[in-house]
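For clarity, chains are labelled A, B, C and D in written order, and residue numbers in each chain start from 1.
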Amino acid sequence: MSVLIDFSIAPMDKGESVSPYVAKAVSIIKNSRLDYQLGPMGTSIEGNWEEVMTLVTRCFEELKKECDRIYLTIKVDYRKNANGRIKGKVASVERKL
Amino acid sequence: MSVLIDFSIAPMDKGESVSPYVAKAVSIIKNSRLDYQLGPMGTSIEGNWEEVMTLVTRCFEELKKECDRIYLTIKVDYRKNANGRIKGKVASVERKL
Amino acid sequence: MSVLIDFSIAPMDKGESVSPYVAKAVSIIKNSRLDYQLGPMGTSIEGNWEEVMTLVTRCFEELKKECDRIYLTIKVDYRKNANGRIKGKVASVERKL
Amino acid sequence: MSVLIDFSIAPMDKGESVSPYVAKAVSIIKNSRLDYQLGPMGTSIEGNWEEVMTLVTRCFEELKKECDRIYLTIKVDYRKNANGRIKGKVASVERKL
């Protein structure tokens, strides 16, 4: 019973270039056991609700060590009994093009 | 050490009118002890990270009982040592108009 | 045939405090003829698609004069033949609480 | 002077499966001249503000022909004098992992 999320996080108090901080979050995601896909505007992650939210929390806690203002967005798509959607959703759209 | 979030949730499999489901989520938020403000496009909630995310989780679990597809969005604004921002942020902008 | 949007905009290169820049955007919205409602995490605006997007564009152009990196989010809810939703949506949820 | 956006759009009145409608939007994006990247939770598009917003508008107009309720989200990241970010941002993060 998984959810698929889009997750983006960045400090607002570190100036124009934020990739060193984004990399810290991506590194945590990479070292988790969840399926993920890095994108230009966010990272897609698939897992059950608790796993995914625990991962997001760990990314937030990591950035909070160094950053005084953080902005993050999460979009969640839940579909009952559906799995493998991190690949399946794009495949389903591409078949219809 | 609070965060301020914007939270919106709705089923995608219940047709055009979703307010009965939104009301279930809002009712859970209303019965929590957290400061919140209902808006036309989402609900603002202020609290510490764990409190706020637990509340979001409860709303999701409630809708999951009846809905087979759910879409939700969360925007989080964290600022170190800042509190009372659910009122304070708008006041700070209005003073500058 | 209106849309209802949630709009938030802020510079990422101006440090922790961004309300002077947010106020510039809100001032443009306030001086438009569209219905709006200021919230802690974004501004709700109602109007037809072109009006609303023109207003968002003007806010972006204003901040672009001074800011080298800008992040903005828009959530759009369109419902055919519905109007007055900036007040109506919250009222509809509250009736069901 | 380009912007990079994440764009997602779906009908809310067509039941649980929305990929036929998402495919209509993706088809319009694909036939534009803008750089894009399809993801599981949204499509990244790069171009100048007007080009990108015109494309989003065309997707919305297309779905409006058939759908009575539509939900869409846009996240915009603008950075002065930066181009090729649809590939560059991920590369910049990956170099820091």
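In this text, a contact is a pair of C-beta atoms (placed from the backbone, for glycine too) under 8 Å apart; a residue touches a chain by one contact, two chains touch by 3 or more.
A quick note: this is a predicted structure, and the numbers were derived from the prediction, not measured.
Counting C-beta pairs in contact across A-C and across C-D shows that the higher total falls to C-D. The chain with its CA mean position farthest from that of chain D is B. Averaging Cα coordinates per chain places chain C and chain D 19 Å apart. Averaged Cα coordinates give chain A a centre that lies 17 Å from the centre of chain D.
Chain centres here are Cα averages; for chain A and chain C they lie 25 Å apart.
Shared contact sites, meaning residues of chain A that touch two or more other chains, fall at 16, 68-69, 71, 73, 75, 77, 79.
Interface of chain C with chain A (complex): residues 10, 12-13, 15-16, 18, 68-69, 71, 73.
Note for the complex: chain C touches chain D at residues 49, 53, 57, 60, 64, 68-80. Considering their complex, residues 4-6, 8, 16, 19-20, 22-23, 26-27, 30, 37-42, 44, 46, 73, 75, 77, 79, 85-87, 89-90, 92-94, 96-97 of chain D touch chain A.
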